[in-house]
Amino acid sequence: MLAQLTISGLAQGAIYALIALSLTVVYRATTIVNFGHGDFVMTGAFVVYILVILAGVPYIGAAFLAIAILFALGIAISRGFIDPIKAGPHIGFAMMSISVGYVLRGSARTLWGREVLPMPPVFDIEPIFIGDLVITGDALFIGAIVSVLLAAFFLIFYKTSIGTVIQAVYQSERGATLIGINVRSFHEMMWGVGLAMGAMAGILIAPISLLHPDMGASFLIRGFAAMTLGGFGSLGGAVLGGLLLGVSEQLFGAYVNSSLMDITAYLIIVAVLVIRPAGLFGRTIAVRM
Amino acid sequence: MDPLLKLEGLTVHFSGLKALTDVSFDTHAGEVRAVIGPNGAGKTTLFNAISGYVQPTAGAVHFKGDPIHGLSPHEISSKGVRRTFQNGGLFPELTALENILAGLHTQIDGSFLGIILGTRAAREAERAGVARARKLLDMMDLGFLADQHVKDLSGGQQRMVEIVRTLATEPPLLLLDEPFVGLSPPMRIRMMEIIRKLAGEEGIGILLIEHAIDLVMSSSDIIIVLSSGQKIAEGKPEEVRENHEVLEAYLGYA
Amino acid sequence: MNNTETPMPPKETSISRAHRLFYLIPVMALAIPFVANEYLQFMTNMILVYSVVTVGFNVIIGNLGQLAFANTAFFGIGAYTAAILMVYAGFPFVLAVVAAALIGGLGGFLASVTALRGIRLYYLAIITLAFGELMRWVYLHADGVTKGSDGLQMPKPDFFGISMNNETVKFYVFLLIAVLLIKATSNLMRSRIGRAFVAIRDNEAATASLGIHTARYIILAFVWSGAVVGVAGSMFAALTERVFPESFSLTEVIVHFAMVLVGGTGSIIGSVIGAITLTALPEYFRQFPGMEELFFGIIIVCVLLFLPKGLVSLLQRVSPIFIERFYRD
C-alpha cells in the first residue's frame, strides 16, 4: 500500500515538479513571482483541448502547438505588461501577473460556462505490474516525459553555452549587460520558457484530469508549496519539493483523512515557513530587522 | 575618557569571502573618526556589523560598555547608535517633514488607543512632534521644503534631510555612510562644517566612511585605514598620510 | 503650543481645515433612504460594506506596501463569526460586530506572525494565500456549524432592540460603523504608527535604523486590517442574511484588489472611491460566468499600466485637499 501510494504520489509530484520548476525559472530570471502561473498552466491544457477535440489535431501536434503558443504568450506578457511597469513597486508585478491570470481564467470560463470538460484518453499504455504494485499507463507516460524534460532542462542549463549565459544573468544582471547580453530580451525569453514549461505541465495533466477554469489555483498553490519546501529559488529544490509534495498528499490522504489531500499544500507552506523558511536547499530568505 | 564605541577583534566572514578580519578600535564622544580604504576594503560591512544588519562571525562590539554585537538593527539603534545610508536612507514617497517625524518616532507619546480614538492627549503629542520637526528643518534652513516629497529633492537636499532626521533621534554616536558622495564642492564644505560642529559643540561621537582621503583629512581627528578587511593603519591624518602601507593599498589599486 | 515660534505655512493649515468638509458626506448621506428605493438602498449598503473592506485592505496593500491575499479570509472570518454568534448564541448585532473585529484581528495576527522571523514580500504573500485558502476549507468542512456550501441562514440582526429588518435600518447602522472605522483608520494613519507603516513600505532598513521594531508594526497593520475587514464581514453577513463559503473565494480576492487599485493605493479617500465605483459590478456580472474575473482582471491591468495611483490621483491634481498626509497639524 505504501509503495503504491508512493508511485501515484511520484507521478502526481512529477507534474508539480514541472510547475514549480517553471515558476522558479521565471523567478530566478526576473525576481518576479508569477502569481498567475497556475492560470497559464490551465491555459496550456485548454489550448490542447481545443486543438484536439474541436480542431481534430492529433495530441502530439497539439502539444507542440500549445507549447509554441504559450511561449509566444510569455514573451508578449513580458513585453506588454511587465516591462512597462518595471519602475514601479514590486507588488505591482505580482498584481499584474495575477490579473493577467484572471483574464485568462475569466476568458476560459466565459467560453466554457460551468461545465467540466473531460478529454478522452490519449494513450493506451498497458499498466505494469510489479508484484502487488500497479503502475498505470498514465503514470508511466507522465513519469517518462517529465524525466526526459527535466533531464533536458538540466543538461541545457549546466552543460551548454546557453545555460552558462542564463547562469551568468542569474548571478549578476549588471555584469551580464557589461559583457553584451541584452537583459531585456533575456527576461522576455525566460518568461517564454517559463510559460512553455507550464504549458507542458498543462498538456500532461489534460488527458488525466477533468478540465475546468479553476484548475489554475490549485496548481499555483502546489507550485508554491513545492518551491517553499525545496527552497525558494532553487531549481533542484523545486523538483524535489514537487515530488515530495505529491507523495505527501497521497500519504496524508490515505493515512490521515481524505479531505486533507486538498490542503496538504497549504499545511506544508505554513509548516516550512514557520520551522525553516529556507526550505531544503534555499538560502536564508528571512530578513534581519 | 571611556570609549563610546569599542570594537574588539570584529570579524565577518561570509561563505567564501572574508569581509572583515580582526578589526579593533575605539571611538570617543566629541571625536570624529574616519574609516577609509579602497573599494572592497570592508567599510560598509563594518558599518553593517556595528549597526546590526550583518551578524558578526567573531569579535565583540560594545557601546557605552554594553555589548551590542548580535542584536538586531532596531535594538542597536534604540541604544543610541544611529546611522545614515549610502544610497538613500530616506522614505521617498514621504515629505521631508514626514521623514523627520519618522525620526522622532520614539519621542512622540500617544497610546494606540489614544491615537485611534483621537484623544486630546494623542493629538497634542502629535502636534508637539510636528512643531519640533518643523523647528529642526528650520534650523538647517530647510523649512521651505517641508511639504515636498523627498524623491523630488536634489541629492544635496536629500542628504541634508537625512542628517536632520538622524539628528532628530539625538544620537550619542553617529555612523555616517559616505556623507560626501554626490555633493557639490560648496555642499561638501558645508557638510564638513556640520560634522565638526556636531562633534565639537554637541559632543556627538562620529564615525564616518569615505574613500576619498582628501575629504577626511581636514574633518577628522583620527583616521582608520582598512584594506581587504583588515585594519592597516590608525592615527592622526598627518601620520596616516605618510604611512607606506596605506599608500600601497591605494596605489596598488590605481 | 509652539505656534508663535514657527510660522506654519498657510497653505497646509487651510487644507487641514478643508478636510473638515469631508464630514459633510456622511451628513448628506443621511438623506439617502428618503430618495432611494429598496434596491438602491441595498446597493448603498453594499457600497458601505465594501468601503470598510477597501479601507482595511488598503492599510496592508497601500500603506504597508506588502502583498497579501488574506483579505477575503478576514472578510469571511468576520462574516462567519458574526453569523455563528447570532445564530447559535443569540448575540445582538453590536456584540457580533465586536466579536468579528476581535477574531478578525486575531486572524490578522496569525497571518502575519511569521514576520517576526523575517518573512517578507513574496513569502508573506504566499503564506497569506495559504491562510486564506485554509480558512475557506474550514468554512466548507466545519459544516456542522457553518452548514458548508448550503450557507448559514441568519436571523434578522438586533441593534440595541431595533430589528434590522429592512434596508433603511441597516443603512443607518452601517453608516455609523463605516464612519467610525474610517475615521479611526484615518487617525491611525496620521500618527507615528501610520508613518511607521509607510516608512516600512518605502525603506524597511532605514526604518529599523530609527529604532522602530518593524516586524511588530507589520503585525499591527495586519491586525488592524483584519479587525476592520472582519467588521465589514459582519456587516456583509447582516446584509445578505445568508453566509456562503463561495463569497470568500479567490474571485473575491481580485474584486478587493481592483477596488483598492482603481481608487488609489495608500489613500482612504481612494478606497471609498474604489468601493463606490466598482461595487455594483460584481452583482451585475455574477450572472455571466467568467465575466467578473475577466472584467476585474482587465481593470487592474489597465490601472497598473495607465493610472497606477488610482482615480484619487486625478482628484489630487484638481485640488490638494484630496492629498492625505501622515501627520496631524
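Labels A, B and C are assigned to the chains in the order they are written; within every chain, residues are numbered from 1.
By definition in this document, a contact is a pair of C-beta atoms (placed from the backbone, for glycine too) under 8 Å apart; a residue touches a chain by one contact, two chains touch by 3 or more.
Remember, it's a predicted structure, so these values are computed and weren't measured experimentally.
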Note to self: Per-chain Cα mean versus the mean over all protein Cα atoms: which chain has them closest together?
What the structure shows: C
Next item on the list: Could you pull out the chain whose C-alpha mean position is farthest off from that of chain C?
Entry: B
Note to self: Averaging over Cα atoms per chain, report the distance between chain B and chain C in Å.
What the structure shows: 39
Notebook entry, point to check: Roughly how many whole angstrom separate the Cα centroids of chain A and chain C?
Noted result: 33
Check: So what's the Cα centroid distance for chain A and chain B, whole Å?
Finding: 46
Item checked: Residue numbers of chain B (touch at least two other chains) -> 53, 72-74
Notebook entry, point to check: If you look at chain A, which of its residues touch at least two other chains?
Noted result: 288-289
Item checked: Contacts with two or more other chains, residues of chain C listed in rising order -> 205, 208, 213-214
Checklist line | Residues on chain B engaged by chain C in the complex (per definition of touch) | finding: 51, 53, 72-74, 77-78, 82-83, 85, 88-95, 97-98, 101-106, 108, 110, 112, 115-118, 122-124, 126-132, 134-135, 138, 143, 146-147, 165, 169
Next item on the list: Name, in rising order, each residue of chain C that touches chain B in their complex.
Entry: 1-3, 5-6, 8-9, 11-12, 183-184, 187-188, 190-193, 195-196, 198-199, 201-203, 205-214, 325-329
Notebook entry, point to check: Hey, which residues of chain A end up touching chain C in the complex?
Noted result: 33, 35, 81, 84-85, 88-92, 94-96, 98-103, 105-111, 113-114, 213, 217, 221, 224, 228, 232, 259, 262-263, 265-267, 269-270, 273-274, 277, 285-289
Next item on the list: Within their complex, state which residues of chain C touch chain A.
Entry: 61, 65-67, 114, 117-123, 125-127, 129-131, 133-134, 137, 141, 204-205, 208, 213-215, 250, 254, 257, 261, 288-298, 300-301, 304-305, 308
